[in-house]
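Order as written gives the chain letters A, B, C, D, E and F; numbering starts at 1 within each chain.
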Amino acid sequence: MKPNRTLLDLFLEIQRLDRLPRAGFVLRGVSDPESVTEHTWHVLFLVWTLGQRIEEIDVGRAIEIALVHDLAELRIGDLPATSSHYFPEGAKKAAEAAALADVLAPLSERVLRLYDEYQRGASPEARLVKACDKFQLMLKVMVYESWGTGALAEFWDNPDNFPDGGFPLLLDLFEELRARHDAEVRKATVAEMRGDPLFP
Amino acid sequence: MKPNRTLLDLFLEIQRLDRLPRAGFVLRGVSDPESVTEHTWHVLFLVWTLGQRIEEIDVGRAIEIALVHDLAELRIGDLPATSSHYFPEGAKKAAEAAALADVLAPLSERVLRLYDEYQRGASPEARLVKACDKFQLMLKVMVYESWGTGALAEFWDNPDNFPDGGFPLLLDLFEELRARHDAEVRKATVAEMRGDPLFP
Amino acid sequence: MKPNRTLLDLFLEIQRLDRLPRAGFVLRGVSDPESVTEHTWHVLFLVWTLGQRIEEIDVGRAIEIALVHDLAELRIGDLPATSSHYFPEGAKKAAEAAALADVLAPLSERVLRLYDEYQRGASPEARLVKACDKFQLMLKVMVYESWGTGALAEFWDNPDNFPDGGFPLLLDLFEELRARHDAEVRKATVAEMRGDPLFP
Amino acid sequence: MKPNRTLLDLFLEIQRLDRLPRAGFVLRGVSDPESVTEHTWHVLFLVWTLGQRIEEIDVGRAIEIALVHDLAELRIGDLPATSSHYFPEGAKKAAEAAALADVLAPLSERVLRLYDEYQRGASPEARLVKACDKFQLMLKVMVYESWGTGALAEFWDNPDNFPDGGFPLLLDLFEELRARHDAEVRKATVAEMRGDPLFP
Amino acid sequence: MKPNRTLLDLFLEIQRLDRLPRAGFVLRGVSDPESVTEHTWHVLFLVWTLGQRIEEIDVGRAIEIALVHDLAELRIGDLPATSSHYFPEGAKKAAEAAALADVLAPLSERVLRLYDEYQRGASPEARLVKACDKFQLMLKVMVYESWGTGALAEFWDNPDNFPDGGFPLLLDLFEELRARHDAEVRKATVAEMRGDPLFP
Amino acid sequence: MKPNRTLLDLFLEIQRLDRLPRAGFVLRGVSDPESVTEHTWHVLFLVWTLGQRIEEIDVGRAIEIALVHDLAELRIGDLPATSSHYFPEGAKKAAEAAALADVLAPLSERVLRLYDEYQRGASPEARLVKACDKFQLMLKVMVYESWGTGALAEFWDNPDNFPDGGFPLLLDLFEELRARHDAEVRKATVAEMRGDPLFP
């Protein structure tokens, strides 16, 4: 597969991103899990909403990073997290950067520099996108658990899924999410023990 | 989109009803939820079975109402219940009546009068179809909960989902359904507390 | 359904947008059609890419409009285009504005003013988002046709699907897309007539 | 599996019919094919619409036959047409009658006699349901072909799929359907040969 | 449908096996359940792995039986277990043997003799495949339960699902599986009662 | 993710392979494409059938290679073919070997040596599995094209998809498949040009 030649090539290729389901959910049995496109939109929405509330963030730059942060998957696929374990250090990152350059060839080089910044976590904006990338993951885990789909409990036990990027706002939101999750669990348990008309 | 011109136009258009999933289930995360067609068939089956057991019901008329009661969705879509909140009083009903008239244009006007009767709840048959419309909803909620799909607990708490239409037979059936539901919950809870080989 | 109270409520609610398939594709038989979330992301990507190439566009503002332009569907549903025909003039727009206000209650009022601007097409940014909304539609039609899914030919005959918003860049892109589409059709036909190893 | 004991048992069991896809479409590669429930509803709608236009038909009886004509599949499954070839003469019919009796145990025996009448084609109503059963099949084939899904051409070549049951109305409708089908094919071919913007 | 004439006919026909979902899971509400092809592969893997550890087993023969043991379903369909109840004694087995003969017509007769051996349980290899057929069922039940999909509890209560075929190795594995299942249930229950961040 | 500790761990993990769709089909828009498990079963069936007809093949060994040849994807994912372009030479093969070792840890080392043989194409059995791996791909392409799903024409133009492994039997089968494909295309074209009742 070649670098895209025109904007139209690029626009047509990215339509396919919708067919890539997120591997972490697929392998844990979630039915009809979100696509990479859907994940990316939600991250973008978070970055836009939260970026405005954090002084050191240039929202426009953060949005640009969020927009492209997963586009390499069009050519690499959405590798499960376990895959990193089996590739040589840095191989995945290098592959992603090269694939992204081919996908985005009709755009200016500036966006590839932003992506490099993202991979290295080299700016507040990069760190915010990374934090929102995981925050969106846990929001979706919360939703899927309430829908009863997938074996997702382990996500709550993995500290890597709760990176606040040094932003107190993110720290608060992660805590609020976890508190709400714990409350839901407790409510469900008590309801069941009472025989309340609430299904497990 | 125009009124259907011939019977064949009508028959072809209604085949598409199968692709419309029921919005209430979609938005609560049910995987592969029933279509509007499937809902309609089940309502019809209930109306036929129960109508024979209720003296004041003309089963033939009730069946005709049930057959067409959701066909407007072919052109309006299956709006989630929340949508009513945002449209002006009566706008949705008027839109449905107009859409149904276009869909069923090759049939006699009599069926539109039956639909108007249904919207106004103006006869025992209309009330029976309305009651069965909700009874079928709760039957499906019961089944989906046993399958573990969707966040459906709130349906049991909404009194609007238990309209008996003034028919003791429906009242009994709603109560029997709720009792069975509560028993299932209690059985599951006790089994879990004992460590029985029954999954939550 | 109430206005969202906190940011977290909002973030959790919008995860559900992924389950709303685009009605126009559903009713024309596309298998596994894009969700509203996916549509929204693609519009955003177009707005970002093209906005930078058009002098009078404030890209940041255009992106904000694109981000929220379809969120009302969380509460209204994705009504098929035919539905407009059956609702009173303006009823759908008013409902969408009210629903959006409830969804986005935890955000500032500024975003609702942007949405109003969008509905009225009252700024270059609003017109760009509207143009990209349709351009994305036709990109997806092109892709689905190449995949052989859905009865989509009528989309190419509807002039409403080709609004350039007064931007020459969009006009060019629509023409390029249509030219590529025609070329694909011609290539397929010639190949078939020759008996080339290319399937219809 | 036992005969259903109560009406509620019956109502809950039939909800599952929605998960049974029609085997003939599954094995020919149709994506997301209609369920047995959906098929049954469409047959019912045809029987109701057409029955009113045929003098010798008692519509109420015909509707009752249509309502139950495929319910045995809840316990037997939807066997592909090829299966008949491998079972002893009559084994499938006997199995279906026995299964239906268990499913419908809470109803009166009258409905089993109607089903027997249907299997033997022993009345005008039985013949009408049989004719509509195939007419609906061909309507759906027509729709799926326009959507580009499945390898369905052989259906048009099988005379068993065009039984008019001796009713001129059905004969006309089958002919109208075939004529429309042929016209669509011809239109598509000419469009392609001209290079018109219509995809194969 | 005729006997396959060439190897290529056979190879093309069996590709369709992927579209046949396993009826037992479909009717119990599992979302996106395994296909007959997938079931067959897993049985094969078990037979290969375990056969090597059992002295009296000729692994090559056992693999051949496993490879073909469900291919009759291409023409008969995957009948739900309840169907046996309604067909005359032996009708299903005879139908399967006849269908398999047609599917595998281009292969040697030897494989049909192996299938007959399987149906009669007439050799250690036949018994091993039968034991693995059920062991795979229970492995999948375990996985689906952990994913929260389907109403599968009854499978654990049916002794027919735990046939060890007289092989101590299988007996041990069935017991290990059941023990792990019970431990999971107990862990989930205790976690809930403590209000641990583990969802029901 | 760790190496599997027991046979039961291994058996449970491989059940998940069913949820991995084949990336090449996903990205070309095939609806509900085959899973990696399904692919593997079909390769196995081909290896078994064809291996018996080729003198130099030890069928038992070839089957063992086929059984495990794609199991690394459980941890690496099914990377699209384009991904190879972006990883350093050999990185993917090394990752696959390491992942397979972890998946199959409870089995003997012999199977890893067979896999290494497969990756290097170092034996007639390895070459047969590789040839069948592609032959199955083209069989499925043929079937999907007849079902009208996916943009698959390019597969027929890629010589890498037609490796005969030096076996005349495979060469013949590839040619027979291509001839049948060309004949289908020609038949469809002629039918359309005549306006025959066969849909494009």
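Heads up, the rule we're going with is that contacts are C-beta pairs under 8 Å (C-beta built on N, C-alpha and C of every residue); 3 or more make two chains touch, one makes a residue touch a chain.
None of the values given here were measured: they were computed from a predicted structure.
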Common touching chains of chain E and chain A: B, F
Gap in Å, rounded to a whole number, between the CA centres of chain D and chain C: 37
Computed distance of Cα centres, chain E from chain C, in Å: 46
For chain A paired with chain C, centre-to-centre distance based on mean C-alpha positions, whole Å: 23
Residue list for chain D, restricted to those that touch at least two other chains: 16, 19, 29, 31-32, 143, 148-149, 192-193, 200
Interchain pairs in contact, sorted by label: A-B, A-C, A-E, A-F, B-C, B-D, B-E, C-D, C-F, D-E, D-F, E-F
Chain B partner contacts - residues on chain D that touch it in the complex: 6-8, 10-12, 14-16, 18-19, 32, 34-35, 37-38, 40-42, 44-46, 48-49, 59-60, 63-64, 67, 107, 139-140, 142-143, 173, 176-177, 180
Chain F partner contacts - residues on chain D that touch it in the complex: 28-32, 145, 148-153, 156-157, 178, 181-182, 184-186, 188-189, 192-193, 200
Chain E residues within the chain A interface of the complex: 31-32, 143-144, 146-149, 192-193, 195-200
Residue numbers on chain F that touch chain A, as the complex places them: 1, 16, 19-21, 23, 26-27, 29, 74-80, 82-83, 85-88, 91, 94-96, 98-99
